[in-house]
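In the two complexes that follow, subunit A is the common piece, with subunit B as its partner first and subunit C second.
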Partner chain A sequence: MTVARVAALLLALIVLPFVATPYALHVAIVVLFNVTYTAALYAVLRMGYLSLGHAGFIALGAYTCVILSVRLGVSPWLGIPAGGLVAGLFAWGLGALTLRLRGIYFALAIFAFGEIVTAFFRAFDWFGGPAGIPGVPRPAFLGTPLASHFAFYWPVLVVAVLGIAILYRLQYTRFGAALLTLKTAESERLAESVGIPAARYKTANFVVSCVITGTMGTLHAQYLLFVNPQVFGSTMSTDLLIYAMVGGLAGFWGPILGAGLLTALGEQLFSVGYWKTLVYAAILMVVIMVLPGGLADLPRRLRAHFGAPR
Partner chain B sequence: MTPLLLAQGLAIGLVNGALYILTALGLTLIYGILHIVNFAHGEIYMLGAMAVYVFFVVLQWPLGAALAAIVLLAALLGLAIERGVFRNLRGQWMQLLVASVGISLIIQSLSWIAFGAQEKNVPSVLPGVVALAGVRVPIERLAAAGVALVLVAALYWVVYRTRTGLAMRAIEEDEETARMLGVNADRVAAVAVALGFILAGLGGAFVAPIYSLNPGMGLEAILMSFIIIIIGGLGSITGTVLAGLAIGVLQSIGALALGAEAAHVLVFAAMIAVLILRPQGLLGRG
Partner chain C sequence: MNPVLEVRGVSKRFGGLAALSEVSFEVARGELLALVGPNGAGKSTLFNTIAGVAPPTAGRILLEGTDVTGKSSHALARLGVARTFQLVTLFRELTVLENVVQGLHRHTRLAVLDGLLGLPRYREDTRRLAERAEGVLALLGIAAHRHERADALPLGIAKLLTVAIALATEPRLLLLDEPAAGLSHDEATRMMDLVAGEVRKRCTVVLVEHNMRIVGNYCDRAVVLQFGRKIYDGAAAGLVHDPAVVDAYLGVAEMDG
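Presenting the complex of A and B:
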């Protein structure tokens, strides 16, 4: 994307709350959540690792913030970085242990991790048990809580733009380029032989992804006004993966496009979860089978097919 | 914890483990050939259980006819999915894995729409309890576990005593060489997926009278199966059998001592420990 396009998009996002209906603004907020999670997930997918339990880090951020504010009376503002920090610490420990596993082993380990996180919160009443914790406070600005969609939109937008900007910038550093060399065990050995500290890079990248995911998770819980073990369970993890795959894994903007389109579609058309899941999964299968590059690859494919000769 | 309670936990654990093995074995079989972990496997298990409800309870077919129909339908579904999806994506592990997640979500959401959220119950086929020295096991579970072990023996026979089994092991060993020697890898993969689906469908069918059924029950089954094949070693049949029994026992004794949710966390912890200390699993080859 060119600088002009990014600027136009940002401008539109700033003008949006002044013109949108509360419902449209609700959709926009949910889109910002999912777009940020998916961009963070893509950072991990990009180095060849399938994080099948990324929602576990949303849950860690969300629960940290909720426990701090509901159980311990800490300011919801402080809960936001605290949630990111806790998600990052877990990612650091888990990444150090599991990122040396490859392919399916890592995917299953993270899948199990996501399940452990929700099983843990479900097991203890102090963490809300199966019903979760209601009455989550929102942060206040100049003494008034950010109760309306209009007010809450702004912190969500700030975290989304900052998170995505960090992820985008990282991708084009030497660090981000080195990560691409870690996709297979052979190329990783090659990278290490020229002095790239592969294990440290992989863990660092995983931690960045999860800090951003967890930070956004805190706002997500504040927006919903509750947390429970189901919202950030395996369905959320697979949804994020579907967004990324449908958008296309070839570039930075594909997953963001997929998350934006599918979230907006899901919020608009379906009230019952099963239909939404069915439509998402059907779109996923069509994309995997006939459009391997994802939606982001569609313009190029169309050009190639109907082709203006170049 | 008294010795009697421990023995009771051990007995129930072994019986449950035998039932877990049925679903897990299909997964390990498919992994050995296609090198994917089939996320849709839990849904086949769920469909097997639901099919018992539909054929046996609603349509009042004899039990044998219901089971035969399940075997046939599971095999056909396996062949269709292998041909339509897996074969086109071979060699791309990430796409394969995500595609199996997609298939799982499609089957699951269709089932929610078709069957609704109302729990289904299948009446007991063999009521009663066996008691031995104070340890009590429902006859139904014991019978299901017994049939499961017979099926495991049958799978061993297929894999180690038939030409198709030989071809499977050849592909697992070295696919390129096996292909060069004339092994039809596509056909073997189709057979493996069909066999795996039959085992999963029967695994679901056998638990139908034991649990309340709903379209979400596949998730629990697939989770246990993943844990079992990781601990046993992806692709290892014997490893899967041993790990299945061990996890069944760990879970039932853990539940008696610490409660069901905590037993869950315990089982996951065992899997993470294996992944860290011995990623190839107890009996897997690197």
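Presenting the complex of A and C:
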């Protein structure tokens, strides 16, 4: 993206809360959550790894922040980086163990991890049990808690913009370029033979993705005012994958587009309950069958079909 | 002066199979050594033990006098061991130039923070890496292909690119696993002229080759393996007259090469 476009987008995001209705602002906040998670997931997909349990890291961030603030009386502000840190530590350990696996083995290992995280919180009353933990405090600014959508929008926007900027720029660093050499076992062997420490790089990238995911997870819990094991369960993990697939995996903006569009649509369907899952699944099937490159590939396909504009 | 490479009593077992049995030899600086032997003799396995892909079951590997046995593949790359694979292996989705840039990895300062901020000195570094990669491409005569994707290259160019990637690491020791195999006569000649010329000027080379004509024409010395044992170590020219080697290759057409 050009500097001008980025500036225009940023400006729109800054003006938005001044003109949007509270409901529209609610949708915007949820879009920012999901867009950030999906961009972080894409960073892992980009190096050839299918993380089927990424919501586990949202849950780790969210619960860390909630336990700290509700159970231990720590400031919700401190809970935000703490959640990112805990998610990152788990990603480090888990990445070191599982990133040597490939394909379905890695995907299922991470899926199992996501299940273990939520099952763990469900199992212990101190962690809220099946019902979760209500009454999550929001951080305060100048003594006033960020209670309104308008007020809470700002920390969400800051974390989203910072997180996405880091993920975007990281691709174009030499580190980010080296990650592309680790996509298959064969290619990884060549990478190692020229001195690329594959395991270390993969783990580092996984940690970056999960720190950003976990950090946003803390704000997510504060926004909802509660956590429970269901919200950040396997459905969330598969939703993120659906966003990324529907948007298209060829580039950075595809998953973001998918997350933005589907989340906005999903919020409209929220009141009718199970429709959301059905609609997401149907859209995924249609996109995979008729537009395997995702929505981001649509302009190119249309140009190819109707001829390039002169 | 220490030899560049010392292989001391190296054995490698895969379960019950002894792929290498107490193999010992040395490679002097600047040498071009051929590693020869019938299929399954253990040549690729030997490369893997030297390059840290699969550590030997017994024995030691020394690089310029330093024991490097058991070091990881990427650690050995940083110590100056580069290799190509018998099955042509490239970064398939990257361009030819990007492939060689990755080969320069051990000369790269990662400086992730500089990169995130897009600092001028970082971009300058990146530009210099690309220039260096261009130099390697020019050396191997494949610069015209710089923007082509690696998985779209014809075999002759792809094999030259594998050498370019390895050479970009600026190794002390370069292991080439059958660089000429599968190439036409002209392509093989081009490859071997480069290996014995520009490549050899820059590092010590060990290459696996089945074709005796190529071994005799281009290499100084040959080590022959059979069933994981060394059966010959001497002048490449003397190879075809050695009874044990002739015996090992009896009936193998490449002897006529």
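In this section, the second predicted complex is superposed on the first by the 305 of 310 C-alpha atoms of A that agree within 3 Å, B and C clash if a C-alpha of one lies under 4 Å from a C-alpha of the other, contacts with A are read in each partner's own complex, and residues count from 1 in each chain.
Please note the rule applied: a contact is a pair of C-beta atoms (placed from the backbone, for glycine too) under 8 Å apart; a residue touches a chain by one contact, two chains touch by 3 or more.
Predicted model, so just to flag it, every value in this text is computed and none were measured.
Novice: Check whether A:A191 is in contact with subunit B, with subunit C, with both or with neither, and answer first, second, both or neither.
Specialist: Only subunit C is touched by A:A191; subunit B is not.
Novice: Which one hits more subunit A residues, subunit B or subunit C?
Specialist: B
Novice: Output check: A:Y172 vs subunit B and subunit C. Expected answer is one of first, second, both, neither. What do you get?
Specialist: Once the two structures are laid over each other on A, A:Y172 reaches subunit C alone.
Novice: Give one of first, second, both or neither to describe whether A:A112 is in contact with subunit B, with subunit C, with both, or with none.
Specialist: first
Novice: Touching A:S234, do we find subunit B (first), subunit C (second), both, or neither?
Specialist: The answer is first: A:S234 touches subunit B but not subunit C.
Novice: When the two structures are overlaid on chain A, which partner does A:M289 contact: first (subunit B), second (subunit C), both, or neither?
Specialist: The answer is first: A:M289 touches subunit B but not subunit C.
Novice: Touch check for A:A281: first (subunit B), second (subunit C), both, or neither?
Specialist: first
Novice: If you look only at subunit B, which of its residues touch subunit A in the complex?
Specialist: Interface residues on subunit B, with respect to subunit A: 35-37, 85, 88-89, 93-95, 97-99, 101-103, 105-106, 108-110, 112-113, 219, 223, 226-227, 230, 234, 259, 261-262, 264-265, 268-269, 271-272, 275-276, 279.
Novice: Spell out the residues on subunit A that touch subunit C in their complex, using ranges where they run on.
Specialist: Residue positions touching the partner: 166, 169-170, 172-178, 180-181, 183, 186-187, 189-198.
Novice: So in the complex, which bits of subunit C are touching subunit A?
Specialist: Subunit C residues touching subunit A: 51, 53, 72-74, 77-78, 82-83, 85, 87, 89-94, 98, 101-106, 108, 110-112, 115-118, 122, 126, 129, 165-166, 168-169.
Novice: Hey, which residues of subunit A end up touching subunit B in the complex?
Specialist: 45, 48, 50, 97-98, 101, 103-105, 107-109, 111-113, 115-116, 119-120, 122-123, 234, 238, 241-242, 245, 274-275, 277-278, 280-282, 284-285, 288-289, 292
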